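A, B, C, D and E label the chains in the order they appear, each numbered from 1.
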Amino acid sequence: MQKIGVFVCWCGSNIAATVDVKAVAQALKNEAGVVFSTDYQYMCSENGQAMIRQAIKEHQLTGIVVCSCSPRMHEATFRKTAVSAGLNPYMVEIANIREQCSWIHKDIAEGTEKAIVLARAAVAKLHKNAPLTAGTSPVTKRALVIGGGIAGIQTALDVADAGFEVDIVEKSPTIGGRMAQLDKTFPTLDCSACILTPKMVEAAQHEKINIISYAELESLSGFVGNFTATIRKKARFIDEDKCSGCGVCTEKCPSRKGLDEFNMKLNKRGAVYIPFAQAIPNVAVIDAEQCLHFRTGKCGLCQKNCSAGAIDFEQKDQLIERKYGAIVVATGFKPIDASAFNEYAYNDSPDVVTSLEFERIMNAAGPTKGQLIRPSDLKHPHEIVVIQCVGSRCTEDKEKGKPYCSKICCMYTAKHAMLVREKYPDVKVHVFYIDARTPGKNFDEFYRRAVEQYDVDYIKGMVGKVAVEGDKLHVQGSDLLNGEQVHINADMVVLATAIEPDPTARSLGTMLTASMDTNDFFTEAHPKLRPVESPPAGIFLSGVAQGPKDIPETVAQAGAAAAKVIGLLCKNELTCNACVAQTNEAICNGCSQCEKVCPYGAITYEDKEIRSPEFRGIRRIATVNEAICQGCGACTVTCPSGAMDLKGFTNSQIMSEVDAICR
Amino acid sequence: MSMNQEWTPKIVAFCCNWCSYAGADLAGSGRMNYPANVKIIRIPCSCRLNPMFVLRAFQRGADGVILCGCHPGDCHYSTGNYYARRRMTVLFSLLDYMGIERGRTRVEWVSAAEGAKFAATMNDFVKTITELGENKKLGDLRCKK
Amino acid sequence: MSLTNKVTAEDVLRISGVDASRCMQCGKCSGACPNYDEMDLHPHQFAALLRKGEVERLMESNALYQCLSCFACSQRCPRNVEPAKIIEAVRLTVIRQKGRNYMTADRLPEKLDEDLPQQALVSAMRKYSK
Amino acid sequence: MMKQLPLDRLPELFRKISEKKTVIAPIQSAGQVNFGVWTEDSILRLDALKTVKSAKGAFFPQVEDIVRFRMEGKKIDIHPADVLTEEFVIFGVRGCDARSFELLDRVFLSDPVDPFYAARRQHGTVVTLACNEPEETCFCTNFGIDAADPAGDVTCWIAGDVIYFRANTEKGIAFTADLESAENESPVEELKKNITEILKKLPFGALNLTGFDGDHLMERFNDPRWSELARGCLGCGTCTFVCPTCQCYDVRDFDTGSDIQRYRCWDSCMFSDFTLMAHGTNRPTQTERFRQRFMHKLVYFPSNNEGLYSCVGCGRCLEKCPQSIHIINVIKALGVNKDA
Amino acid sequence: MQEMIINRLRELLADGEYAGVIGWAQGETPFDRTPNLFNAEGLDQLRYDSFCGSNLSKYLVQQASKTEKKIIALLKPCDCYSFNQLCTEHRIDRNKVYVIGVGCKGKIDVEKIRKAGIKGITGITEDGDLLKIETMYGEKEISRKDVLLEKCLACKGKEHKCADEVLGESEETCSGDKYAAVRRLEAMTAEERFEFWRGELSKCIRCNACRNVCPACSCIKCVFDNPNSGVQNKAAADDFEESLFHIIRAYHVAGRCTDCGECSRVCPQGIPLHLLNRRIIQDVNELYGDYQAGESIGQRHPLTDFTLEDEEPSVIDTRGGGK
């Protein structure tokens, strides 16, 4: 039996004006278990708290009910008070007689009666309370960043600079990501490589950063502070420690059939290759599908020519298991497959290219060495049409498109138009657009510059059809402002294709139990207030994996994610939520229903020995990981036997409240 | 309560801690009136509402039970209210099938910013229940003495 | 719908089964239209005017009879608005009104042409009259 | 000296009795026939041989309030529940159920007397009805019950369109006082003879109960076949709740919010929480619970009650057991052959 | 058929690989069929005929966990759903059971024969669709299809969804719309529905047969037996408790109930309990897409799932049916 003290706060006149606080205190004296009941002007004041502390000691109270403002306001305060008087903080219940009583009712009799009922409900609940202790779990002071693009690099650098170890897992042979493929960046037109490569080098040289390239996350277990990741480092058939990146092998390789991924497959590369000059790690990789050694068992030219002896045809995939405290998802994006848009003749003509392909064509390090020439006949084009919103802003039932705005296309299109006009004033550039969306610092100015200074022909409307006519591309579109259909015989057509999350995102999301939206972007824990966190604790989001964004936004978010990671890793241990789910092992059926509704993957099953009147023997039992459980209670309702209960909000506590209220 | 007093409905409102309980607080801060016979029980999430609690309330003499939670998509625990939505739909439908008046149970999504909606919802719910009259079908006679 | 009542946008939406509110006026339909120059109103305008409720203007449009029903506009529409269906629905509402047959039998002789398959005239009669 | 009444005037009789007393009779509701309070709207089903629940509920209801505790401030007031004071008639009881009252009397009326049961017995008049068409599940004949001439305060026979009454006790005489005398008792004699003939044909009418007695208690108890017999048992309470002689009950408290109501309700030895104690249960498996039920009916009860079995052969368990496991299985499996 | 099954079982049991067979034993009356575990010697007591209506899947929860060896189970097509559902819930280890799907052409409900006014039944023989019934009062006849179990009228088809082997032919015995009764109730006014269910549920004697036979009610300890649950009870002391038991029971099996119909079959008071479960099944199918519990092992049932576009609970206010 509890010995309960009731403390009724006046809150000045906030409560006392519409609730007869003395009557409430008096009425509660008659409740079973209540051994002390009083009222005071400001319970939250130092004096009020002292009164509570004294009563706890004097009457040896086992729990207290404070009738005051909302628990959202002062529950923490009164819990601290209770702790300082030797009580467990969870032996405190608040009856909200201000926000949910005195402030909304005018009649004193009515307010008083309701306050008494609310206080009784709190007493009834308190009778069923039990002292709770929040568990703790240690924190592994290392972060895992998945994805080595600008988002991943930036997060890694920020975390590493704070003194924590970071592993970057990058699925391709080099870090750098999409930004490495870009020529210039809007709206400043500074060279992408010039600003990215120093960061790549910094990451590579940072003593706290370990880059695991050509690797993917294989599996993940554990929870915040205590993740165990298994990383599959794919065989690159090159000993990374020995390879000096001299490139001799790439020159000697007789195979020339591989498509150069870095150049958007616009040109061919050898079976052994280094993706690009500034690749990090600057180590070659062998494409086993193309390699003659693997295909025929012969060749081996690279091996013969490698002075470092780095070629290792016997290399196998390697599984690395490491522990991490935090995980950052920075898996980025890819442009959507434009081949679905045959009305734009993407499949029919090599001169219809996507913007990222165009980016490589314009890039000095690209397949054309920066020469603007048509892929089909290598001739200089004179008229270029850019089509915006290809695959963006489509209805969701359109298989080929995405319902969202890809956000970056308006700006990179303006950039492309401007770069072309700057370098080749003879080339006419038409841009078909639906809306020019340029909300960003110096963005609209940039776009206007393209129109005003560079005389880019912006046509409000969309292209309905591109037809190959001889060596020309006949572009038919609408000009909505002039109310006419326009026909342009272009030399090249550039499709500003939508971007989508990297295809690996979905399986990764499943592995991390991180929620995703229907477009496979990772969902943030709260869209406004926790934009760089995923709902499961310890998983953070960086870059386009969370939603379309440009480079400065990506870097900003990467930094924010890093700040959250640092905040986590600088703790030695984590205090868990005390109000967590708990299995009554004697009656758990092990039916697995609770596991299915847990949003955090906090429930697992173990075979345990059970000795209860109903059952003796080994049985499958649900186990809650208190470090992961956030205490939502979804599992408790799914459990038909009531074996799963939620500490602090148990079935019996809530039913006692119901009973008291309905009494 | 004495027997000759005029009947007023008893309403139990289960509110999730993060949105609706805060919404109710906001209604309070904004001094928005709603009847005193609405009593709120704080639960961590709408998905914590066990159908047993709803029935318990009716047994003990409640005339209406309302569940308020975060709007779909805004759940503090990401998915709780989606489960609550299905569970309550099935429960309410079953109660309806058993002949219990449809209006006695309700689910409303009230965000922490929607104090006015909270008050309006409660006013409307009390009105509905008042029109429906006393809960005679699901009560336990032993609790009415 | 009675024969004389004013045709409303709702009627057209109902007949066509199209949700014109989804249209974002990108103009891709009109960009795709092979008979654009012959039409006084263009596919995207059908969606736009319908949203404004200006059905009368659509009903008076000669585009109803210039539309080839090739469905290029519908096929290309990124938002599944299907302008072709709107055009067809407006055409139907016109035909259903008294005396608004676009083609009557007495105009047939002037259309006769050696190169024109008679089948086309029969189809046109079916399509442009009750 | 018999009394008689045309069958179609029975409602009239009931109407008249119910002015002063409650009439309980086999009544059909929602497709099933059970004993219930007769009202003008009731569908009387005297043709139904077996009500689902037995007639014992009239004296030993499934749920019965015993006492109420009320908190006044921090004091407790105790209010024992009232015992029955009104008279009632239970009509249409069959011979088997009528015998069950005698068995229940041995439990509830022996010291300490159960006041609630005693009051009901005191105020209740039992009107029995002969079974014109016994069924294959009946085996009352094994227990010395004559379905053709059942016991009770009054015995009735329905022969053709007439119902005949014979008062057996003071209560019975009072009940039949206002009825007209029977002109001719031969239809009843005819009917009894007829019934007796039918009873001879009962498939389980002549069971061998040798060996079910206190002398063979340990042999019966330790018989290895119990687990085999109980294997299909679901552990539900159907057999116990339809049984006219099962008399176990549990006492429970209900917190109404304003007071505590202590009531008793039927319990079933088939339930896993039957006689559950602080340390757990002494019959952990269904086999033990199953054995308890039949040992009680066929061995413990007769050994304490002059050989009287706690079974009246009504056959309800035969009809209602979801998995067709019943007392006949037990009697045949463990009975005479073992000792023979 | 019975011969064929027994012969096959003799083969299977010969080498001691299996701990035994869960099947139906001959009881005391000609139509009593009691679930039991058989070894090779006991096989002559095994029966498989038109009276084997009971669903044996739940017995496997206990029996299959008792021995190290595999156990053989005889399952009718409808029983397979329950078996799969129990496997999904890890209550049965699929690897420990060898399932013989036994053919089924509908099972007979003796209670229905009695309800048809036939008394003193001492024997039943089948002659095509005709049942010849010997009674203490002479011979009677009744059409077989008129006395099929309620569950057979909602037959889910003749396919065994989990059998390792199948013996014998099956026939689908479904008679039209299985939701017809649910719809009839829906069409009533709320008041009529309330009266209907009060009438039915007031008969409940709380024998727990429905719960104990239910393959979905496989809890180690039911909330209604658990003193800490707040709803423990042994009898309904008030109308409310009668309703509560059945609402909660229906709710607890929601999404998991395979509509096997055992609850109604075993109810001594003939309460159509399947109509509660079937209503939930109908709701779930209409609102969340077609779902059949126990169709396969490992399914995620609709109440442990959701979509972003699910209907609001207020959908029940706006859809059809009597108010």
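Keep this in mind: a residue touches a chain if its C-beta (ideal position, glycine included) is under 8 Å from a C-beta of that chain, and two chains touch if they have at least 3 such contacts.
Keep in mind that this is a model prediction, so the values were computed, not measured.
A.B. asks: Need the graph distance between chain C and chain E over the touch network, please.
C.D. replies: So the least number of steps between the two chains is 2.
A.B. asks: What chains touch chain B and also chain D?
C.D. replies: For chain B paired with chain D, the chains in contact with each are A, E, in label order.
A.B. asks: From the C-alpha centres, identify the chain that is farthest from chain E.
C.D. replies: Following the centroid criterion, the farthest chain would be C.
A.B. asks: Relative to chain B, which chain has the most distant C-alpha mean position?
C.D. replies: If we average the C-alpha coordinates per chain, C ends up farthest from chain B.
A.B. asks: With chain centres taken as the means of their Cα atoms, state the distance from chain A to chain E in Å.
C.D. replies: 47
A.B. asks: So the centre of each chain is just the mean of its C-alpha atoms; given that, what is the distance between chain B and chain C in Å?
C.D. replies: 52
A.B. asks: How big is the gap, in whole Å, between where the Cα atoms of chain A centre and where those of chain D centre?
C.D. replies: From the centre of chain A to the centre of chain D is 69 Å.
A.B. asks: Give the residues of chain D touching no fewer than two other chains, as numbers and ranges.
C.D. replies: 254, 257-258, 261, 272, in rising order.
A.B. asks: Which parts of chain C, given as residue numbers and ranges, touch two or more other chains?
C.D. replies: As it turns out, chain C has no residue touching two or more other chains.
A.B. asks: Which residues does chain A have that touch at least 2 chains other than itself?
C.D. replies: Within chain A, residues 597, 614, 638, 651, 655, 659, 662-663 contact more than one other chain.
A.B. asks: Among the chains present, which pairs are found to touch?
C.D. replies: A-B, A-C, A-D, A-E, B-D, B-E, D-E
A.B. asks: Touching chain D in the complex: which residues of chain E?
C.D. replies: Residue list for chain E touching chain D: 25, 27-29, 32-37, 54, 59, 111, 114, 119-122, 135-137, 199-200, 202-203, 205-209, 211-213, 225, 233-237, 262, 265-266, 268-271.
A.B. asks: Chain B touches which residues of chain E in the complex?
C.D. replies: On the chain E side, the touching residues are 182, 185-186, 190-198, 223, 230-231, 237-241, 243-244, 247-248, 250-251, 254, 276, 279-280, 283-284, 287-288, 302-308, 310-317, 321, 323.
A.B. asks: Which positions of chain D touch chain A when the two form their complex?
C.D. replies: The contact residues of chain D facing chain A are 71, 73-74, 255, 257-258, 272, 276, 280-281, 284.
A.B. asks: Using the touch definition up top, name the residues of chain A that touch chain D in the complex.
C.D. replies: Going by the criterion above, the answer is residues 30, 32, 613-614, 659-660, 662-663.
A.B. asks: Going by the contact rule set out above, which residues of chain B touch chain A in the complex?
C.D. replies: Its residues touching chain A are 10, 12, 21-22, 24-29, 31-34, 36-37, 39-45, 47-53, 56-57, 60-62, 74, 76-80, 83, 87, 119, 143.
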